[in-house]
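Okay, handing you the structure first.
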Amino acid sequence: MSALRGRFNSAAGFLDLARRAWRRSTRFRAGSLLVAAMVAMAVLGPYVAPYPSDGWGLVPRNAAERAGKPPCPEFPFGTDNLGRDVLSRVLVGARLALLQIALVVSVSLALGLFVGVCAAYYRGPVEALLNYAAEVFLALPAMVIALALRLALGQGFHVVVTSLILSWWPWYARSSYVYARAVVEMEYVLLARLAGVPDRTVLLRHVVVNVLPPVLVQAITDLGSVLLEASAINFLGLGLPPDAPDWGIVVQNGFKYIVSMPWVSMFPGAFILATALGFSLVGDSLREEMDPKMRRRWKLWF
Amino acid sequence: MPLSLNYLVKRLLWSVAVLVGVVVFSYVVIILSPGDPAVKWAGNPRGPGAAKAVEEARRELGLDLPLHLQVLNFLKMVLTGDLGYSIAYRQPVFAVLTRNLAATLELLFAAYLIGVPLGSLLGVAAAMRRGGSVDGLLQTLGLALASTPTFWLGMAVFAVLFSAGFPAYGRVSTGLALATGFQAITGFYLLDALLQLNAPVFFDALARLLPPALAVAAYPTGLCLRLSRALVADALLEEYVRAAVAWGVKRRVVVWKYAFRAALPGLVQVAGTAFAYSLIDAMVVEYVFGREGLGRLLFDAIAFSDFKLAVGLLVLVAAFYLAVNTLADVAQALIDPRVRL
Amino acid sequence: MVLAVEAKKLSVGYEESDELLWAVREVSFEVRESEAFCIVGESGSGKSTVASAIAGILPPHGVTDGELRVGGRVVVKGNERDYEGVRGRLVTYVPQSPGASLNPYLEIGDQFYYVLSSLYGLSRREAVEKARAYLRMAGLEPDAVLDRYPHELSGGMQQRAAIALALSTGARILVADEPTSSLDAHLRLQIVELLKRLRAEAGLTLIFITHDMLLAGALSERVAVMYAGRLVELGPTREVLRKPLHPYTSMLIESVPVLGVKRPLKAYTGEPPSPGEPSGGCPFYERCPFRLEVCASENPPAKGVGESRRVACWLF
Amino acid sequence: MRRGVLAAVIAAVIVAGALSTYFLLYLPSQRRGKVKTVVYAYLDKITGIDPSIEDDTGIVVIGSVYETLLRYDPIRNVTVPVLAESWESSENGTVWVFRLRRGVVFHDGTPFNATAVKLSIERARDVYRETGRGCGYIWDAVEEVEVVDDYTVRIKLSYPQRLDLMAAASYSAYVFSPSALAKAGAKGPLDPKLEEWFNSGNDAGSGPYYVEYYSPESEVRLRKFEKWWGWSLVNNPDAPDVVVIKIRPDPLDQYNGLLAGEIDIASSVPRANVRDLAARGFKVINLTTFHNYILLLNVRRYPTSVREFRLALLHAIPWDEIVNVALKGFGKLGSGILPHGFPGHVEGLRYSYNLTLAREYLKRSGVGPGATVEFVYQSDYEENEAFAQLLKSRLAELNITVVLKPMPWTAVKDAGKEVWTNPDAAPHLIISDWWPTMPSPYDYLYSLLHSESTEWNWAGYNNTEFDELISRAYELEGADYAEALRLYAEAQRIVHEEGVAANLWDEVRPFVVGGRVEVPENALNPLYMFVIRFEYVRVKE
């Protein structure tokens, strides 16, 4: 089980891993800077946005003369067809983006970890049932789940988040299950069980602690992928309403004007790309750092 | 893992079981969401016939049966492909889906024909220089390609091409198709044009296919780049690669016939799964490029509150996923000589 | 007299997680043309690394120092390596595990084809024709092998096929890295006989890597003993076996099983130092029954004993 | 090996060369004679093409395939002959005689005659009476259609009416061939089989084009009817042989289609892109339409049930921004209920954007601060979307929260009708976009605000005085047109004071036309919304 090598078992271990990665990997540094910038935007966005009410989706009073301006010093990212400042919309939108992905990944991770560890620990019919459920949701991309939920529940935040959680938890369930299987079969876990240590304690103290690190690193990478899917769902109008401060929505707002006012869609889209890339870079270089074999540099020797 | 009839049958049964789960899920969505399931199923009918339509829907769903029989009834209805009439299209859902499937698949195939070879090639190049600056750049490129919102990339490609006066819109020029008497036979326009030896339509359809295909290809390119890099780099450390090098086998042969060949089964497996998920990407890009296909159905299902169409799409996408994954497993087994057939 | 291989203060190391671990340190030896030369040592002694260095297959994270010549060509100089035109043409290689050394995705015939087309530009038919000869030479029936995948062959057949592939290159120097370690005793004997015969018939230079002193005795004319990355003793096999100089060599000879019964090592407990450990003194210090004070602090240089033997020990 | 690659490349080049030569040589024999084609992008799915029943988007097909007895001329506000050559009415307007055109044939070759007229009028009227579907209410007054001879019909009415206007209506006034019954296997004109037959893509009209291919969700193809009676009058040798009506709901889609040369006439492009298209050499025809967008306020649900609150809302609507911001200049600010240029239009009957007044009304209404109102509108109209966001932003200044509920058309209709059955589930505000069936103010006022019009009166408005006023005006139209118009204006004033409904804007629809097609002004008519008279269109090849 190569992924169990180089693991960390505590928050300090994780920090240590991150520190090593920072020292060694340019890609990790670039990725964490992107992520930090995104988080900063999410925290500060509404306060630093030049036109905060534009950012929340309100049409400015002088919309007629402001509409459709290309990027200029006053509106660095230009304005949309209703005269709203695109920069403000992007800045304010960071918060909703972060909220969506953090919520989706944390809930899916918790759910998937629980299911995966239980399946590996209890085996038998529990295992079969949980694996089956995971398989069913693996076959359903978030977009079609969102379609069904959109028709059943109407537009809204809950549709995006629910559909994404439903489609992401099986990934964590699956990898937790694989790692947990390896851990459960280890001698000390067996001994602990034989010694009559309660299941809950064994699960938490031994299994979860060993399973979590690689799954957590996976989750960091996934934050980016979830953002991509959430934006797509919002872009298609399956999720948030059309004036929500969300990057996917702003891209949708500019969609009709992609040829005449490309800036409306291009800037928020670039932020989606940069954020997703940031999380991928961080997750990818952390995984590389956890597996020393992957760090080797080489010249082709033949 | 011997690839036997036994295995295939098991695999098929498993797929059907998963599909049953998917259908039950969609039924749960219909039943548990607020509002009358029959009204939703009938598509919010109006006018004098509304009461009758709702009654009809109630019978179709079997809402007066006990719950387990309701589910069985629904399963039978969906899995026999008899989803009734789409409100948006006033045609059987099954017919609407199959009619539009070819267009999306054509785009998807084109994208993977571009993305997988390109990504693999770049991945091999990166693997040969692992740890170097070229590798770093290529890996970042791979991540960036896989992190690009496909719908946005589609729009960007579209905007650029359009500004350059390149008509990447729709599937084929209507005027051209009419003037040359083009007929859609299989629904794969490139194939249809070839069958009818219709060169203008062939090239026109190709020119309109490539730009959206490029947008859809971003993800598989990035994925294959990263994957083939990892697999080839691993394979290059294999004992038989060392032996071959020691015997003086040329670099090109070692890389392709030895290392890449070893990476191929893994690549097929992962690309297969990605192919299934990219169906959604293709649908979104279709919408951006104004092409007919499954993507438009997604919007029509929303616009008309067409629950039947939505369930049809749900099941179609899941079935596609299962079928492609089974095929990928079989293909992987076929190209690995160690697997007994 | 032409030297097949000549190592001068050759060091080989691997880069692992920012650290550089030296697997072979300042090794010097020569192998004469048409000679059967054996390198003996426990696992981790660096003998396989030496074999890789000669065959030109050091892994990509390898680092070198010193100088190595193969067939008169400088292949290693400092950290520069150049095996262009050496691999397969001057030196060839029989790998350790037969199962892992054949490409599992290719039929044996194809593997011959790729080797021979790379080296001599042969067509597939010519390559197969030539392969038949070598397969027969290695004691295999060609038709039962050529269109088979490796996993369809038995272990012995795999190893014979690997030897045939190695021979088909036509190189005059054959490096065999424990080619029998994974085979049972019967097969092992057959393979050794085969190698002996081939050497006699074709006049090859044979460099044989093993941990088995007995095998070394049966096969080679000269032997080099390695311990913890260093060459501790070198000399004609018969002399070294009869009268070992280095305490480690003595230990190896004493531990040779007689009639399959492994004798316990009385005095020589302990493990060799791991390659990462910095050692100022003799690497064998911990296990050596005859250790002196100087052994703890200074590594013994190689000293000539007689006209054909060398040893690195403060006892001499 | 390298030689092998080279050989493969050479082989590929040879094969490709051979194939393309083959294609190119093969083609000329395959190419058909030049077909003049026009591709017209329409923005909605076709809901049906039954000439008597269809009351929605099907007009875009029906208008070219079928003909009415008369046609309305909006500029002169008169009717002109089509299938009827002349007509007259009795003194009191209760008996009308139409003399029909001779030598007209339907698409299947059967001759046009008085029987066809009788059948068509009666079917439209009876379907409406039986099921409430369609626009057959225009024939509501018709008591008897009498076939005098093959080319004369006499129509008796139960009350006086401008029947010539009805005969020019855009819905349910089309004449179809009696042969359709037999083809459909229908037992009578009301047999549902007939409707099914029509809606599966069959036509029985006499217009200049006939339906060749019918796929209501994606494409309808019309072909020139060579035996149409009017070709000699039109005298247009460049009229298209084939008209493809492409269903392109997305304005961007249409814009792209234009640029790609895929679409010759676009009915709906993003407004902000029209100037860009004009700069690229496309011709833009700005049609001032009778299509207007009327805001209806739910009078049956708190807080819009409070008159003062409604007036507060209406004075907080940014009237001054609507045309420039939401419509990008493509519209006329509404006044009263009826659109500009339509009989009965009243000028100057509009609210002002006046926050002080709005606050005053809000205070008087007694509705507490922080009120929330739901606003339903059709999601695929970009003007609606822009207006909705504008309204939300401005009402936020009054501390009124607007919950935007964009919906597809069918859902909008369902939500609107709910006001009569479950008013608290119906939205507070809703936009109804309307275009008339007949050129009478009654069309708008009855449908949108009469208490019996539960299908379209989404305000839930029920005012006997208003109802009586417009009914009286309608009956007077045949006898004293001026007095009728006065009463209609009176009715609109009542609505204005009650703050129940307001015409937000009349649409100016830019039809964008590509270079190879020429669409003369007379090919478009605001009453027959979206219908292009392709017989006047010229295709330059």
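Lettered A, B, C and D in written order, each chain numbered from 1.
Simple rule for what comes next: contacts are C-beta pairs under 8 Å (C-beta built on N, C-alpha and C of every residue); 3 or more make two chains touch, one makes a residue touch a chain.
These figures come from a predicted structure and were not determined experimentally.
Peer 1: Among the chains here, which has the CA centroid at the largest distance from chain B's centroid?
Peer 2: C
Peer 1: Determine the chain that sits nearest the middle of the structure, using the mean of its CA atoms as its centre.
Peer 2: Central chain: B.
Peer 1: Looking at contacts between chains, which pair has the highest count of C-beta pairs?
Peer 2: A-B
Peer 1: Distance from the CA centroid of chain B to that of chain D, rounded to the nearest Å?
Peer 2: The answer is 39 Å.
Peer 1: Rounded to the nearest whole Å, what is the centre-to-centre distance of chain B and chain C, using the mean of the C-alpha atoms as each centre?
Peer 2: 53
Peer 1: So, what's the distance in Å between the C-alpha centres of chain B and chain A?
Peer 2: The computed centroid separation for chain A versus chain B comes out at 23 Å.
Peer 1: Show the residues in chain B shared as contacts by 2 or more other chains, in ascending order.
Peer 2: If we look for residues of chain B contacting two or more partner chains, we find 130, 158, 162, 236, 245, 302, 305.
Peer 1: Residues of chain C that contact two or more other chains, please.
Peer 2: 56-57, 59-60, 87, 117, in rising order.
Peer 1: Two or more other chains in contact with one residue: find those residues in chain A.
Peer 2: 237, 255, 258-259, 295-302
Peer 1: Going by the contact rule set out above, which residues of chain D touch chain A in the complex?
Peer 2: Listed in rising order, the residues of chain D that touch chain A are 250-252, 255-256, 259, 270, 272-273, 276, 321, 324-325, 328, 379, 382, 385-386, 389-390, 392-394, 396, 404, 406.
Peer 1: Which stretch or stretches of chain D touch chain B in the complex?
Peer 2: Where chain D meets chain B, its residues are 20, 22-24, 26-27, 30-32, 34-35, 37, 39, 45, 131-133, 216-218, 242, 244, 246, 248-250, 252-253, 256-257, 259-262, 379-380, 408-411, 413-414, 417.
Peer 1: Where on chain B does chain D make contact in their complex?
Peer 2: Residues 44, 46-48, 88-90, 158, 162, 167-170, 173-175, 178-181, 197-200, 202, 290, 292, 300, 302-305.
Peer 1: Which bits of chain A are touching chain D when the two form their complex?
Peer 2: 53, 57-60, 63-64, 67-68, 81-83, 237, 241-243, 255-261
Peer 1: Note which residues of chain A are touching chain B in the complex, please.
Peer 2: 26-27, 30, 132-133, 135-141, 143-145, 147-153, 224-225, 228, 231-232, 235-238, 248, 251, 255, 258-259, 262, 265-266, 269, 272-273, 276-277, 280-281, 284, 294-302
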